[in-house]
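Common to both upcoming complexes is chain A, partnered first by chain B, then by chain C.
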Partner chain A sequence: MVNFIRQIRQDLYRTPQSILQVLFVFLNLMIAFGLLSSNHPDLWQAFLPILLIGLSCGIVSLSLDQLFREDWEDGSIEWLMSEGKSIEIYILARIITHWLRLGIPLVLFVGLISGFASYLLLFGVATATLTLMLLGAVGSALCLNTSANNAILLPLLTLPLGIPIMIVSMGSLINTSVSGGAFPYFLLQGGLLLIACALSLVACPFALRLSLR
Partner chain B sequence: MIRRLTHPKFLLRKGEALLPWSMAATGLFGCVGLLLSFFFSPPDYQQGESVRIMYIHVPASWGALSVYTFMAILSGWGFVTRASLPHLITKAIAPIGIAFTLISLGTGAIWGKPTWGTWWAWDARLTSMLLLLFLYLGYWTLVTLFDDEEKALSAGAVIALIGWINIPIIKWSVEWWHTLHQPASVFRLAKPAIHWTMLAPLFSMAMAFAAYGFSIAVIRIRTEINIRKIRSHQLREGINQNEKLAA
Partner chain C sequence: MTSHPILIVSNLTYTYAGRLLFRDLCFEVCPGDAIVLVGPNGSGKTTLLRCMAGIPESRPAIIKNKGLKQSYVGHLNALKLHQTVRQNLLNQTGATSERLMKILLEKRLSSLLDREVRTLSVGQRRQVALARLPLSETKLWLVDEPTTHLDKTAAAHFWEMMEKHLKTGGAAVLTSHAPVPLSKTKVITLNG
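And then the complex of A and B:
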C-alpha cells in the first residue's frame, strides 16, 4: 500500500507534456464549438452534455498510448517483472495516476464549461474516463511491441469496448425524465466500472507479459 | 481424449475426411435453399418480393455471431490447455466471420432500402452488428501486425475473449438506449409465427452457410498448418546446411 501511494506520487511529479497537449486540444475544441454555436444557445444547451462526454472519451482514447509507453521504453516494466514484484499493483497505480492527471482535469474543464450545473455530468465524465482507461489499458499493453504503427490498432481495439460506457453515461443525462431518476444510471456506471476493473487486472498483466516475451 | 482431439494430425485427418461431405452439403443445401427461397416461398404480404433477401441475410448474421463465439471458446481453450492449435484455428476462422458480417451488413442495407426507406439506421441490431465488425477488424489487425506469430495469436486471443464478454454488454446497452430513447415504431416487423414455406428455405440456407463455413475453415486450417510445416522444414534445412558449412 505504501509502495502503491509512493508510486502514484512519483508518477504525478513527472507528467509528460503530451497529456497537457491532449488537454489543450480539448479546450480548443470547446472554445471553437462554443463560438460556433453562440447563435443557437438552445441547441448548444441541448447538445453540450453529450458533446462533453463524447469529447472526453475521445481525448482519453487518444492518450491511451502514453499509458505504459514511457515505462516500457526505459525498461521499468521489464525490471519490475524480473524482480518478481506484483505487476497488478503497478498497473492499477499507473491507471489511477493517468486518471488523476487526465481524468480529474477533464472533470474540472467540463465543470467549468457547463458551469458546475449538473453533478450527473461530472460523475459521468469521471466514471466514463476511468472505465475507458481500465479497458483501454489492455489494448495499450498489447500494442506496446507491435512492429507497425499502432495508430489504427489502438482505436480499433478500444472503440467497441468504449461504446457501452459512453451510451450509459450519456443515458444518465438524457433519459432521466423517462426512466424516473438517475439512480439506476449511477448503479450501471458503477457496475461497468467494476467489470472493467476486474477484466483489466486479469488481462493487463497477461498482455504486458506477452509484449515482453 | 482432449489431448488427442487437439493433436494437429488427428484434427487434420478428421477434417479432411469430412471436407468432401461438407462441400457436398454446401452444394445440396445451397441449391435446395435457393430453389425454395426463389420459387416455392411466398412473397411477404407487406414487403413483397424483397423479403427473399432474408434467406441470405439471416443465416449470414447467425454465422457472424457463431463464428465469433467459436473464436472466443477456442481462445479460452487455448489459454487453459496452453496448446497453440486452438489459437491457430481462431486465426483461420476469423476471416470467415468477417465475410459473414460484411454479407449481413450489406444485404441488410439492401433490404432496408425498400422496407424502411433507408440504407442505414442507428437501430440497436444494426449498431451491434457494426460493432461486431469492429471487434473482428481489431482482432485481425492485431494478429497481422505482430512480427512473432506465436505472440500475435496469444494477443489476438486476449482481445477475442474480452470482446466476447463485451458483446452482450454492447447488445444490451444499445438496445436499452434505443428502447428508452424512442420506442420501436418504425422497425417493428409485424411477424407472426413464421410459416413453414418460409422456414424451410431459411433452415436450408442456414445449413448451407454452416457447411460452407466448415469447409472453408478446414481448408484454411490445413493451409495454416502446412505453412508452419514448410517453415519448420526450411528451418531444419538451413540448420543442416550451416552444420555442413561449419564442418
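And then the complex of A and C:
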C-alpha cells in the first residue's frame, strides 16, 4: 500500500506537457464541431453527449502510448522487475495516475462544454475513460518493444476494446433520455470496469514481461 | 572455512531470436566473489546479467539463496529526470536521509543531492545510479558496464566501493569491456 501511494505521488508530478497536448486536441475538435454545426443547434444538442464520450475515448486511445513509455525508456520497469517488487501494484498505480491526470481533466472539460447538465454524461465519460485505460494498458505494454509505428498500431489494438465501452456509455445516455431508466447501464458500466480491472492486472504483467524479452 | 554459494547457475541455456547465446552454463557466486563477464559485443553478457536479476522472470536454472536480496544497475540508469537525486534514491532504496547523506559524502556526490536529475551530466547520472548499490544494503550486486561514462576519479571511487563491499562478505557480478582493477576476480568469457 505504501509503495502504491508513493508511486501515485511521484507519477502525479511528471511533466504534464504530453497530457496538455492531448487535451488541446480535444478542445480543438470540439471547437471545430461547434463551428460546423453552428447553423444547426438541434443537431448540436442531440449529438453533443455522444460526441463527447466518443471524443474522450479517442483522446484516451491516443494517450495510451505514454502510459509506460517513460518508465520503459529510462529503465525503471527493468529495475522494478529486478527488485522483485509487485508489478501489479506498479501497473495499477500508473493507470490510476494516468486517469487522474487525463481522465479528470476530460470529465471537467466535458462538464464545462455540456454546462454540467447531465451527471450521467460525466459518469459515462469517467467510467468509459478508466475502463479504456485499463484495457488499453495491455496493448500499450505489448507495443513497448515493437519496431512498428505505435501511433497506428496501438489505436488499432485498442479500438475493438473501446467500441463496446463506447456503445454501453452512449446507450446509457440514449436510454435515459428515452425511458429514464439508467440504473441497468450504471451496473453494466461498473461491471465492465471491474472486468477490465481484473483482466488488466492479469494480462498487463505478462505483456510487460513479453516486451522485456 | 568454506563459504556457501549465494547463487548457483546450473545448466543455463539461452537462445535469442534463433541464436544460441550460451549453453549449459554453470557457475557459483559465493560471498566475496567478483565475477566479471567478458566477451565481444552481442555475446550475451547483458542477457546473462538480466537472467540473474530475474528480468523478465526468474529461471529454474538460477537458484538463489532464500531471502537473498540483490541490486541491479543496468545500461539504463532508472532515474526519474523530473525528480531530484534525493527523491530518486530515497524512493528507490527506502534508505534513511542520514544514510543517504553518508553514502553520497563518501562518493563525493552530496553537492548533487537537491539537483534535478535532468540537470546532471551523463557521467553524474551514472554515479547516482551506482549509489543505489551501497544504499540498498544488499548482498549481491549485478552491474552492467559500471564505469561507462565515468571519469577516472569516479571510476576509482566505484572500484574502491566495490572492494569494500566484497571484503564485507558481499558479492558482485559485472560486465566490463575495460580491465577490472579488483584484487580478486573470476572471469567468465562468453563467445556468443
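In this text, the second predicted complex is superposed on the first by the 207 of 213 C-alpha atoms of A that agree within 3 Å, B and C clash if a C-alpha of one lies under 4 Å from a C-alpha of the other, contacts with A are read in each partner's own complex, and residues count from 1 in each chain.
Keep in mind that, in the parts below, a residue touches a chain if its C-beta (ideal position, glycine included) is under 8 Å from a C-beta of that chain, and two chains touch if they have at least 3 such contacts.
If you're wondering where the values come from, they're calculated on a predicted model, not measured in any experiment.
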item	value
Chain B or chain C, by number of chain A residues touched	B
Which superposed partner A:L199 touches (first chain B, second chain C, both, neither)	first
Partner chain(s) touched by A:V168 [first = chain B, second = chain C, both, neither]	first
Touched partner set for A:R213, first chain B, second chain C, both or neither	both
Partner chain(s) touched by A:L142 [first = chain B, second = chain C, both, neither]	first
Partner chain(s) touched by A:N39 [first = chain B, second = chain C, both, neither]	neither
Set of chain A residues, in rising order, touched by both chain B and chain C	210, 213
Chain C partner contacts - residues on chain A that touch it in the complex	6, 10, 13-15, 73-76, 78-79, 81-84, 208-210, 212-213
In the complex, chain B residues that touch chain A	131-132, 134-135, 137-138, 141-142, 145-147, 151, 154-155, 158-159, 161-163, 165-166, 169-170, 172-174, 176-177, 180-181
Complex contact set, residues of chain A against chain B	135, 138-139, 142, 145-148, 150, 152-153, 156-157, 159-161, 163-164, 167-168, 171, 174-175, 178-179, 192, 195, 199, 203, 206-207, 210-211, 213
For the chain C and chain A complex, residues of the former touching the latter	50, 53-57, 70, 72, 74-83, 87, 91-92, 142
